[in-house]
Every structure is written in structure tokens, then in C-alpha cells.
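Each of the next two complexes has chain A plus one more chain, namely chain B in the first and chain C in the second.
Let's turn to the complex of A and B:
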């Protein structure tokens, strides 16, 4: 994290650091408070319906977020090697490998690894990898594994798919009642869903401010400040935090302050961040006046929680998330972002680790370029495992891309 | 290989099957004029519905080393890359359409880009439940199958009735029984021969396959011979588009006595548990009860239990877990499977292949493995 940022830092970052430190502190010392308060700890995937878990007072912990931390701290490669030595192929998702490495060798891992789970909850709306990853975890820890199967949507959500997910959610609720010894309190569930909704709306509003010229935020801001929407979604802390961030971003817009001084080029980012180069990578752009005004990844958390029966709403919301949808849907989304944010181009991170995100990118790229007329660049890397990052070729490609854009 | 074949009819049919296996469906349209073929990738694609709609199911197999199509990155498995390259060469133009059963992230992506990149107007996607034992899985699966049947019917203009479905189920069941008879003889027959015959059953018209295999079975029985001191192995993995692995095992002194590959016997396992009165439910139930592939979930033990049991039943001493480079589901499963099977006293080799071909290095590993027990 020693690299220099060439763009304006946000004052909220200090609050964010405090918030996240507190969350990981509570997580780390869960063994002291979890049992007496009857609040089990669950490892959950980023796309799991956490509101239901919160209604049962379960403390959720996110190995994917932890994977991103390992990436940012540049310890992923070492942890991945530990997992690889235990037989896990180098071609598997680097969040998963880093996490498994941290379990096998906690002394090498940030915060000494995550505290052991009482429960595992995996929802396959983001990928098939999480299913295998959580199966592996269930074999290691021998704790219950709940799998929520949200069928992939080649088109729109069908009634039968929705009923299927709903049925599973009902059973999940029954299991959790038994597991925690609490009854499902629908008011509690609604309260957490309302908090989620508010968080999501704030996040949407904050992102919306970036339509302004110059944009008040750049992609690294979005990536860093998305942490609470992942790990604290459905809590008052997340709402408080995003209100603060909203106000700061809003005042930037009022004052015409841009994240990148002298913003000349506006870009859209696709795919997960390159965590181990979070500042250095984007600096190649910001030093030439290019700002990433929006992205598809942190934007994935702008999901509309529909009205009505809470479990039905969860079923639809979590099945319809963008990674569970067709390339057509994703291309359309990208096209809208480009138009909406007045972008001059887009950059796709072809992320070796995340196949569902990356394998369709070339087709999306072509379609988006055709429909919008703006150029798109593909950069090959990995979100956490820095061993596959080839600095020179990436730098050259970025330079050439920015030169074309400056000529326009 | 066919030296001891009894009658010319049997010989002829056996040769037909081997010829079909070698062609891997590539000339199906020319060889069977008047039939319309419908391509599919995965054994979770319900052949019964294709047949009921009046089409012939054809498994789409890659031809090795076709290079990289521009639409997919290097870190994608060669099954997806090579079939897409074949499609770009126009090799699948004669198909009435292509069907994707949702399995892994790669297939999900390939299904999403196929229509546009392969120029195939008809691309159908079926999304079976991943969690086979989930509450509501059967009802959801049935609804998916019903919707698929309608879409297939739309292709031919023939609305399949109950009779069509029953006939299709009966044919598939008959084929599975024949395949089971062949599978039971596999320790007595050369491994590449059995592998080829099973592949033929996925790339030629099904009724023709059933007829040919039924006719050829006595000849195969006659050919059956004690394997002597050959090393008995179980092979598990996804798609193998040719018999190179089986041939190499045989050449190096092994015999594949049990096979859990998608293009091998896995494709033919399971039965219509619960009867055939409700054909769609029968199809769904078979898939739900079948030994799951790594892309499906039925608890943690279903797959290891199945493989351990299979290895014991066939007295295999070694297990070869074949994974394709960049294939995540099988790479994940290789870890717990090796642990479990080694724990059960079996020799285990995890063999990563780029495609289905065995190169020099892989051959050396195979040899060392087979010599180790």
C-alpha cells in the first residue's frame, strides 16, 4: 500500500478503516462473545442472502473479502502455493486458494487467518467455484454446509426457478431455527432487509454522483469503499457509513472536485480489482488524466430488493444478480453504463481466477464496441495471485490504449 | 481385434460401431441422410426429449489441438475452445441446434456466447438443479424439462405426445441395459475397444446404435478373455474425445475395469427410478439419483462413496483421476477423491491432460503409476 495515489483521497477512508478494523476485531475475538450471546459464526459467499442469517443473529464472515485482503497485502501468492502443495490446482480461483492456504498455514496469513466457522453458507449465484470451495471447507471443518442453489438465468427469472429458490430458503430458515435455537422473527428479517435496502440505495446514489464531470470518485475508491456493502450489508453501521460517504461525495460534486485532477478521459472498468496493484495499476491511467467513473464489479451490489414477502424478495433478488445472467444481459448493462456515465472507453480485466466473469468478456467487448463506438481494452491478470501479472506488456497495452483515446 | 468374430453380420455391426466412434459424429449428416441431428455437450442433456421431438441427439466432441478461438481466453479448458473452433470452421452447420445443460462456469459461458460466435441460430439452455437433493429440486427440474420439450418441439413442428415420450424412454433404457452388459465385460475386453463402443452410442442415431450393439454383443462375448496379470484400474473424469488414454493404459500393461467418465459409462448409468408413468419426472429422477458429477451437489460423500464402491466391486487396484487443464470442477474433486481413495488402500494418479491425447510425459507418468502396484 506504499504506492502514491495521484488522485484526491477521501476523508471517509479513515472512518472506513475504523469500521473494518472493528468488524475484523469482533470477528477475530468471536470466540469470547459468540457462545455466551448464542451468536454462531458463519462463513458465507458474497452473494448469499445474509439478511436471513442476520435475522438469526448469526455473525457472517466473508472469505472472498478476506481473499481480497490477502491480495492487497500481497500474501496471496505465498498462500496459494501452500494450497497448491496440498493438491489444489493452480488454475483454481485465487481467493479460494489464498483462503485454503490461510487455513493450512495461519501463521502466514493476515490476522492469523479467519476464526473457525460454526456454519458454512454457499450460494452459487456468483459461480460454480464457491460450491466446490465450500465443499472443501465442509470437509476440513466438519460443520454444516448450507447450499442455496440459484439456477443460472439464460433469460428472465422463471416462476419455477423462483419457487425452487423460495422453497430452499424456507428450509434454510427451518434449519437455522433449529441450529441457533431461535425462531424466525419476520420483523427482524424485515428490519435487516430494510437496512440492506437503504445501504444499497445509498451505494447507488454515491455511484450515481460519478456521472458528474469531473467524476468525484475513481475505481480504486469504489473498490475500497465497497467493503461494507459486502460484509456489513443489512446492519445500521453500513447505513451510517454510506451516509457519511454520500455526503462527502456529494460535496465534492458541489465543489466541482474530481478524483483525478484534470480529468480528460472517462472509463468504465469490468471485473474484480487487481488487488495487489490497486493503486499502481490505476495510476497508469490517472497520471494521464483518465478516471474510471464506474465499474461492473462494485456495481454488482446495486441490487434492487423487491417489495412483498421477505423470503420471496430474497429469492428473486439473489437469483437475479448480474453474475448469474447471460452475456446479453451483461453487455446491455455495460452499454448502459457507458452511455449513462458518458464514458470514452472501457477496460476489461481478463481475470484468470474468475471464469464466469471473464470467459464471456471478448464477446461482450465486441458487442459493446459495436453499439457504443467506444474502444475497449482487455488486460490479462489475476485479482489476487500476483505471479501471473506481467507488468511490461500490461503497461505497453495501457499506454497504447490511452494514446488512441487522447487522439479522439 | 475382430479375428474371432462369429458371423459376418456381427462383424459388420461391430465395424460399424468402431467406424462411428472414430468419426465421432463428424459425418453424421452425410451418413444418415433424412435424419436431423441435434448437438449437445453434457450427459445431463436429456436425450429422451430430443428423440421424442423427432431429432437425433449427437454429442459434440472436440478434435484435439485446434488452436485458440479469439472469443475465449487461454485459461479456458480445451473442450470449450476446441469445439468452438470446430464450429467456426462450420463443422456443426448441419445440426438442427445445439443444447447446453448448465454444468460448470465454462459451459455456462460457452452456452452464452455459442449462438453468436459459432453462428448457430438455435442454442437451447437447460438449467438442471445443482443441488440434487434440495427441496423443490424435482418440481423445478420437471418444469425445466417441460419448457425444453416445447422448445425442441418448436424446432421440428412436431408436438411430442405421451407415446413419443414413452418410446424415447424405452429406447434409452434399452441402450442403457446393453451398455451395462458391455460394461460388465470390460475387464475381459481391450479397454480402448469398450471406450470406443460407448462413444459410438453418443454420436450415431440411437436406434441404429442399439441394433448394432445388440447384434455385436455375442461376438464381443466370444472375444472376451481373462486379462491375466494386467493392472486393474478405474478411470474417472469428464469428456474424453478419443481412446488414447485407454490405449496407453492397455499398452503399458493396464486394463480399465471400471469407468466413470462422462463420455464413457457414466453417460449410461442410472435408471428411471419410480417408474415411467410420468416421463419427465422419470428423466429428472434418474439424473437426481445418478452418481453426481463434480458440478452437482448431493452431500459431500456421494461421489467418493460411489468411486470407492465401484473400485471395490471391480477389484481395481488403482484409480486414475483425469482432469483437463483449466477444468475447475474436476480439479477441485481430485483433492478429496485422492485422499479418500488412498485411504481405502488404492493407488491414485491425478493425470492432468491438455485434451485427450497422451503425450510423452503423461505416458511416462502412467507407466510409473502402473508399475507401482
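Let's turn to the complex of A and C:
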């Protein structure tokens, strides 16, 4: 029966769990090793230039990744309510609300909340919300806040935008030297950047395997296995892990194994995962033979670092992040993914939390449909706050969409 | 002997049952409030229809269920109401390219390909504004019957604007219009215009290609039909029995009867 279709689990998942457990264990007990090793802990946004921080031996921790964990464990709604009771608007990003809720009521939060930061680093290449979110954090913890302001790119990266960001990175490096008592070691920075580059290339290669029919991976695999590229980018552990994953995915392709047995429909996903329904949601598709072969979200970490001066390279890479770019750029990106991965359609998660990602989707949807001729569906939900998810209307739309792609 | 096919549409407010023969002609139909158990209502309606036609359950070759209660009914297949609605409308209006359907809790716009296949669709979000339920709440606030809304709207001289898109806030807006001594007819016209505006913005997502068919229970309301036609600046075709078109489509899909 089609209803019993499940997709194939990856053996690498156990290694992934070990790796992430180790990272969060070290993070949790940072207070025991951070001081003696002179390695401060920084809370950073997902688009922060982490390679520079690593060069100063700073331990980065990602509240956004933590928000995704709260979502997956289905405690976000409760934590969001704590933040709302403290006056934060329900319209605010659910990662921000979950995180602020975890600070106010750590006993409700996974791992008892994140350990207190010595430093905050926010880069607005992913959204403007992070600025106010991190300002609130700076007020709560009374620690320095570093902001990297990356101007929005209506077209291509300009020289003036690049030098504006580069100037800030230089200031940031000066501050970090003063803050950590270490000098910027260029070789150390280049080492972390090389590790980042290798991680990104492996991630790109793994994603590329999904051009195969059937696709060796489905969207939930991509969402789960992207964790190391977010929190461990620029480390040898991330490189080791993605080599392992690359080998497993490659062997799937060699054996013609698909993530969704009997793959009939190939789809592209847009926007952040619906963490609290990560399997249930995609099962609505996989049970009808539909596989998400690629996505714009976990693909956002395929950000290639260019050669040349390391700081200049960081300035360009972190300014050119897709969420910092025009609807035209994003429509083009979607069109290319559809062609490249031979997709039959696409699904856009209109994510109540993530305004820069979601607001332009209708414009992009129309353009992509016009140019590719494949249908696109918009599903309304939220990445972490499960109160926003309405099961029946979503199921209804998904079913109708898949019916348009099959012969009824 | 003739073959018969059943289409069952268990909606949020009403349950509709349509029986067609193998040529696609409607042999019988019935509808009632879904109430607590749409499935039981559907089963009763099926029994009534079979009795009326002197048929037995064995005479039914296939059944398709659609609507929110579709998974509860023991049919041969369940198909979303978007696909069913498209098929039903294409059967009645082969030239239709756009379907506007306003039901109890959903409003949707469906773009059709020739033959009744769905090219694209847009639905209202979780909010019930611009749906049948919205009209019921407003009728309740005005203490009039839903069926009387269109006569009232026709008597309006100057409609009262309803600016809120939220059903709850719109209801309090209606109440303040009543308190301000505005004519019932003018308030009703405002309510109809607000439904039309809401659906028109939905239609702009898929685009409007003629012929445009307006169906679903709310299409019985001439106040909304007129307001919508005015808003969209196009001619609207309305089926004779707009509430059963999805059930009709389900029955046609059960028999695999092509347009």
C-alpha cells in the first residue's frame, strides 16, 4: 500500500548524533574549560563570519540552531508563551521567542537553556530581526554586541558594499584582539577558512548526488544533516563528518537506492523546515511517492569562499547570502534548481516567523511557474511555533497539489 | 443495467451527496447540515437517495468522498475537493478556466486547464473571513437569516464599509454600525462587499481567465455574486445548484467519466 511508504534512514545519523551531543556537551560545560583555556563563548547568528571568531579561539553557539532544537522537541510554543508574557510580540520570530523564553524560564528549556555568553555577534545578512533580538540579549547579559551590517543587494555585490563590510570586519578583528588578548593570526584564519571551504564543498557534493533518479536523500535528511555545517563550520570535525556522509550517499546512488521507495514525483522545497513536524509533514508527500530532492534552505550553506585576502573573501561571502538578495535572484535560483534536479514541482513554506524569506514568495512562485511550467504550492506554517500549524487545511492543500501532479 | 456512481462531499457546514449514471447525468442529490458527524449524515443521505431511486447498495459501482470529512467515510477513494470541484465545474461549464468556490470555511480560486485538470489554486489562510461561516456570523449579529441577505443587500442605498478582515473584529464593526443607527440593508451590502474583496485578492494570486464560474454555497447569495462581479469586473457564471458541484465532481471521478 502506498500509505505505508517510509523513507530510508541513513546510517550516518548515529555519528551525527554523537557529534552534535559532543558539541552541546562541551558548550554546556564551557564554564569549566573556557576560562582556563582563554576561550570565550559567543552567541552568534547563523550568518555570522564564524571563521574569524574561530581564529581568535572563540567558541561559537547558535541560538537559531537552539531554536530549531526547541521546535523539534515541541517545546517552542511553551517557551514562546513565556516570551510573549514578558511583552515580546507574537509576530516576532519564533526562534527569538523560544530563545528569550529559554533565558527567562530555563527549567522549561532543552538542556536547561544555553550557557551565558561572553560576547554577542549578529550579522543582518539573514534578517533584521537579529539586531533587535541581540540588542535585547546585550541588555539582559550586559556583554558586548558586535554587529556586522551587510547592505541588501538589489543586484550584484558592488565594490562599495564590499569595502563597507570589509571595514567592519577589520574593526571587528581589532576588537576581538583586544577582547581575547590574542593577536589575529592570519595562518589560523586561513586554516579555518580552508576547513570551511572543504565542508562547503562536501555539502555541495552531497546535495549534488540528489540529481540522481531516484534521489538518495529527501528534505528531512538535508535538514537533519545540515546541523554540523551550521554549528561546526570551519572545524575538522565537520569535514570528517561530511566525508562519511558523502560516502554513504554516494553508495546509495551507486546502488540506485532512493530515499523515498518508488519515487514518482520530484519536488523542491523553499524556506526553513517545519521542525515540530519534520517527519509527519514530509510523510504526507513520501506516502504518495513524492520526494524533496533539493531545497533553498540547507542549500544556503553552500557559500563558496573565494581565494585571495581572507577578510575580503569573508566580506563578499557573507554579504552575498541568498536571503540578502533580490526576489529576481531568488526566482532565478529556484528556476535553476528545478531544471538542474529535474523537479516536477515546488513547495514554499510561508513561514510566519521568517519575513525576509516568506514575504516575496508569491512573486517568486508566479515567476517560477511561468518560466518552468511546473506548479508551486504555498503552505502556511511556522518553523518552530506549532500553534501556527493547522493540520487539516495543510493536508488538504498538499493532497490537492499532489493530485495535480498525478493522473487522477 | 445502468451503472451508478456516488460522490460524497462532507463539508465543514453541509454534507452533499450526488448520484450519477454512467453518462454523467445526475440521477439524484441530497444535502443536509454536517452537524456533529458528517459521516452519519452522509450515510443517511445515501440511504435516502437509494430508497428514492429504488436502488440497492450493490448497484453503486464506485464511491468517491471529498471535503473535510472525506477520510471518515468508507469510500473507494478520497480525493481533495479542489480536484473534485474542478471536475464538477468542467462538466457543467466546459469553457470554464477559473473557478471561485466559497464554502463554509474555505474560499478558493482554481485555475483550470481544458478538460478540468487543475493548473493552479489558491486558498484562504487559516482565517475564516470571506467564507460562508463569516456570512453566518454577520447574519447572526444582524438577526437576519442567511437566505435573506441577498434581498436585503439589493435594497441598500449606500453600503457601510467593513474594513476589518478578521471575522471577530468585523462582527464588532457590524455591531457598531447597528449602534450608529445605520440601515440593515446598507450593513449587509458592506458585508457582501467585504467577502468579495477578500476573494478578489485571492484570485489575483492565480489570475482570472474567462469563463469564470462562481460556486459553493455562498454563490447562492446574489448580494455576494453582484459585489464580486463588480469587484472583479467580469461576468460570473453560477451553477443552478452551486453547493453540490464538488460532490458532482466526486461522482464523475468515481466513474472515471471524462469531460
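Note that the second predicted complex is superposed on the first by the 402 of 408 C-alpha atoms of A that agree within 3 Å, B and C clash if a C-alpha of one lies under 4 Å from a C-alpha of the other, contacts with A are read in each partner's own complex, and residues count from 1 in each chain.
Operating definition for what follows: a residue touches a chain if its C-beta (ideal position, glycine included) is under 8 Å from a C-beta of that chain, and two chains touch if they have at least 3 such contacts.
None of these values were measured; they are calculated from a predicted model.
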Touching partner for A:167 - first (chain B), second (chain C), both, neither: first
Touching partner for A:255 - first (chain B), second (chain C), both, neither: neither
Contacts of A:397 with chain B and chain C, given as first, second, both or neither: second
Which partner reaches more residues of chain A (counting touched residues only), chain B or chain C: B
Touched partner set for A:369, first chain B, second chain C, both or neither: second
Touched partner set for A:380, first chain B, second chain C, both or neither: both
Contacts of A:135 with chain B and chain C, given as first, second, both or neither: first
Set of chain A residues, in rising order, touched by both chain B and chain C: 362, 380
Interface residues, chain B side, partner chain A - complex: 70-73, 75-76, 80, 102-106, 108-113, 116-117, 125, 127, 129-131, 134-137, 139-140, 143-144, 147, 294-295, 297, 300, 323, 325-329, 331-336, 338, 350, 352
Touching residues (chain side chain A, partner chain B) in the complex: 86-89, 91-93, 124, 127-129, 131-133, 135-136, 138-139, 145, 147, 149, 151-154, 158, 160-161, 163-164, 166-168, 170-171, 326-328, 350, 352, 355-356, 358-363, 367, 380
Touching residues (chain side chain A, partner chain C) in the complex: 362, 366, 369, 375, 378, 380, 390, 392-393, 396-397, 399-400, 403-404, 408
In the complex with chain A, residue positions of chain C that touch it: 68, 79-83, 106, 117-123, 125-126, 205, 253
